Each structure stands twice: as C-alpha cells, then as structure tokens.
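You will see chain A twice below: alongside chain B first, and alongside chain C after that.
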Partner chain A sequence: MNREELKAKLKEIIEPYVQNKEALENATEETSLLLDLEINSAHLVDIILDMEEAFDIEIDDENAERMMTIGQALDISEKLLEED
Partner chain B sequence: MVGNDLVFFNTRTQHKETRLTRFLAKTFTAQEREVLKASRFAFMQALIWSAKEAAFKVFMQQHPLQERFYAPKKFEVFIARVERTSATGEVHYQEQRYAFTSEVHADYLHTIACPDQSMLTEVYTQISPRTKKEARSMQHPVLGKLHFKNNTRGIPEAFTADGRAKASTSVSHDGPLQALAFLVI
Partner chain C sequence: MEANQLLSFEEVLKLLPYQKPFLFVDTLSELSEERVVGHYTFLSSEYFYKGHFKERPVTPGVILTECMAQIGLVCLGIYLLHLKGNHLVQDNLSVAFAEANMRFLKPVLPNTKVKVMAERTFWRLGKLKCEARMYNEDQEEVARGTLAGMINKTG
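What follows is the complex of A and B.
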C-alpha cells in the first residue's frame, strides 16, 4: 500500500468520528485530528484499534502518543508496516 | 488553573468482548482496570476517563510550549470517594498531582480538575445545550458576560468587553451538551 492508498484508507477509518466533515474533505498531512477534524479525544483509541485491524499492525503506547495529525498517523502506519 | 470534561453516557463506544480487552489495555492502568472490574463498569469508565481528560487540560495550560500528545495511561486516576451524585479523587502525572471533583447526573457526568483541591470550589461552571464554537459564553456574577475563544493551541480563553480575562478556562462537549469552566487566577 503506498502513502496515498494508506491516506485514503485512514480517512475512511476516521470518518465516523470526525465532527468537522468539511475539514476532512480538505485534509492535508498537517491536519490535526483533534483541533481541525474535531474528533473527541475519547475516540482516539477507537481509531487506533480500527487502524490496527485494518492494517494488521500493533500500535504501542509510544507510537500512539505522537499520533496527533494525519501525517503522523501515516508515518507510524508506514513504519510499522515496513517492520512487519 | 482548571480543566474540565463532560461525558454523555450514550455517546461512548460499546466494544465487543474481543476488542474490549485491547481497548482497556490501551486506555487504563492496571490499578484503574482493577477498579473497573469491581464497579459499575460504564459509569466508572466514564468517571476515570473524564478525570484524565480534565487533568490533561490543566497540564497543557501549565506547559505552554508542550505539543499536544495522547497518553491516557500516564495520567493515572485514584478515586477517593464515589457517591450517588458526586465523586472526588486525584490524578497523578509523573510528579504532578491534580485534584478532581465530578457531578453525576442521569445522562452525563462533568468533571473539573485543578492543581490544588482548594481551587475546586472557586470554579464557575455552566452546562448548556451545545452551541457553535463562536457562540460559547457564560454570565459571571462580577465580570459580566464572558465569551470563550480558542487560542492557536486549541486552549480556550475568556474575554470580557474590556479584553482577555485573567482566568483559566476550559470547554468540553459531548452529545448534545457543552460544559464551560472558569477560574479567576
């Protein structure tokens, strides 16, 4: 899966939790999950669990801690997929 | 400083059994998971989560250069007392301590946290139907109408007609409700 394909899949995963749908349509790698997409922080763990299942990876606490933007979520997914 | 968090019980994700263990392991410490086992699960989950969030919001105000991060297990909640309509306790993050108190209602609970227990009684709170970001305001008995606006770090600040209030503020929303908290500093 290349980065564009990963990004499309990631957007699909986070969509149900996004409150600012317009921001998701125009999302860039710098888009903040909490501040721009207005995802409730209680749903970050849902997103992490969904990503683990969709990409067959395990996101540990250290990686989860830095997953605040679309770009960071993609970086972590790519890194874990490569390690796999 | 004050941080707050409102949890509307109906909005929480109901995890299937297989996923629940992973969810709990990523969100709660071993001590917190023991507390969850021994109590009304959904309620206690909401209570512990809201205390973590409220303390995190204080921490972010105390550390203006800190980038946002997500580490729910590093903010460990110790419940001191739970009654029918209220709860109290402490949140530990590294060497820092935050006191919290929660009001429990039929559909939701609202938690406020401060670095010191004595500050908790000084906090003005307002629960109301959720409004747009731009329309968030509360009436203060001395300062009059306060408008809440987020700064670039996503932290709310309160403004009177004369400018920014010397205060710590916090905003939380969930389901149809929003909660504002305001503490003069």
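What follows is the complex of A and C.
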C-alpha cells in the first residue's frame, strides 16, 4: 500500500467518527484529528483500534500519543507496516 | 495503600468521585481485571422520584445507566488503574462518560436493591468499554447495555 492508498483507507476508518464531513474531505497531512476534525479522545481510541485491525499492526501507547495529525497517523502506520 | 497491591472493595468505593445524591454504588462483591459486581438500593427518598413520574415513582433510565456506569466503568477503572501502578487519591482521577447503548427491560421501583454485573470489553489508552447487566432482587434482568468512558489519573 502506498501513502495515497494508506491515506484513503485511513480516511475511511476515520469517517464514522467525524461530524464535519467537509473537513475530512479537504483534510491534508497537517490536519489535526482533535482540533480540525473535532474527534474526541474516546473516539481517537476507537480509530486506533480500527487501524490496528485494518492494517494488522499493533500501535503501542507511545505511538498512539504521537498520533495528532493525519500525517503522523500515516507515518506511524507506514513505520509499523515496514517492521512487520 | 501500596501500588501494585490489589485494592479492597472499600478502597475502591472511597476513591469514587461521587457523593449523595449522585452516588449510586453501595457495595461491591466481586472485582477482577475482567469483571465487577456491585450493588445499590434505590431508596424511596431519592430526589428524582418526586418528578419521575408525578404520583408514580419509577427509577429513570438515565439513573439506571449512571448506576451501571459508576460500577462497570468507574469502579472497574479505578481497580485497573491502580493495578497498573497508578497511585490514586480522591482528586487525581479524571472520569468522562463517552458512550452508552442501553436497553431497559423492566421498571425499577423505589426500595429495589439492584445488582450490576459488568464485563470488560477492552481497556486501551484510557478508554474502558464494558458490557453491563442490571438485575432486581428476583434476579430478573432489568437493564443491559454497552458502556464506555475515559478514565485516567491526572497530574
């Protein structure tokens, strides 16, 4: 999966947790999950669990805490997929 | 109270961030990493019976939900946080109710002692999710649901 495909899949995972669909539509790598997409911390945990299942990776607490933007979520996913 | 030692039922209850009239746990009878069982008696003097309903007191579903969350999420969460080595005191606990998907099966009348049994679905990154069931004194199931919340130590 290249980065664009990964980004498309990530947006699919995030979609059910976002009220503002337009913000998600226009999201860039710099888009903040909590501030721009207004995802609360409880839903952020759900997204992390959904990512683990979809990408077959394990995201530990340290990596989870660094996942503030779309780009960071992609970086962490790519890194963990490579290690696999 | 040393970290890593198991918390007693009384210690967990003492750490609950609630008080009357919004404390809905009297006792606990089972507590493990996976499961909690707690009890509460809805006395006829509870403040909400005066308004729900006029002349016909029935425990509101939101209060049943709260009771199930205080036992299934907060008591279990306190136990788990402590087990993970967090030193907890009264005011360093942050609790936020996040999700509830409930079914109410039978009315709960004043002076009913209920039992709540909750089983952990997952506990990750501060989020605790459980499946909870509530029973009356005749062991009839009165409510069930999936509950989730964020529970963390602050500072």
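Note that in this section the second predicted complex is superposed on the first by the 84 of 84 C-alpha atoms of A that agree within 3 Å, B and C clash if a C-alpha of one lies under 4 Å from a C-alpha of the other, contacts with A are read in each partner's own complex, and residues count from 1 in each chain.
Just so it is clear, a residue touches a chain if its C-beta (ideal position, glycine included) is under 8 Å from a C-beta of that chain, and two chains touch if they have at least 3 such contacts.
These numbers were taken from a predicted model, which means no experiment stands behind them.
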{"item": "Superposed partners chain B and chain C on chain A - clash or fit", "value": "clash"}
{"item": "Partner chain in contact with A:A8 - chain B first, chain C second, else both or neither", "value": "neither"}
{"item": "Partner chain(s) touched by A:I48 [first = chain B, second = chain C, both, neither]", "value": "both"}
{"item": "Which partner, chain B or chain C, touches more chain A residues", "value": "B"}
{"item": "Partner chain in contact with A:L81 - chain B first, chain C second, else both or neither", "value": "neither"}
{"item": "Which superposed partner A:M68 touches (first chain B, second chain C, both, neither)", "value": "first"}
{"item": "Which of chain B and chain C A:L34 touches, first, second, both or neither", "value": "first"}
{"item": "Common interface positions of chain A, toward chain B and toward chain C", "value": "40-46, 48-49, 61, 64"}
{"item": "In the complex, chain C residues that touch chain A", "value": "96, 98-99, 122, 124-127, 148-150"}
{"item": "Residue numbers on chain A that touch chain B, as the complex places them", "value": "32, 34-35, 40-46, 48-49, 52, 61, 64-68"}
{"item": "Chain C-facing residues of chain A, complex", "value": "40-46, 48-49, 61, 64"}
{"item": "Partner chain A, residues of chain B touching it in the complex", "value": "7, 11-13, 19, 22-23, 26-27, 49, 53, 67-73, 154, 174"}
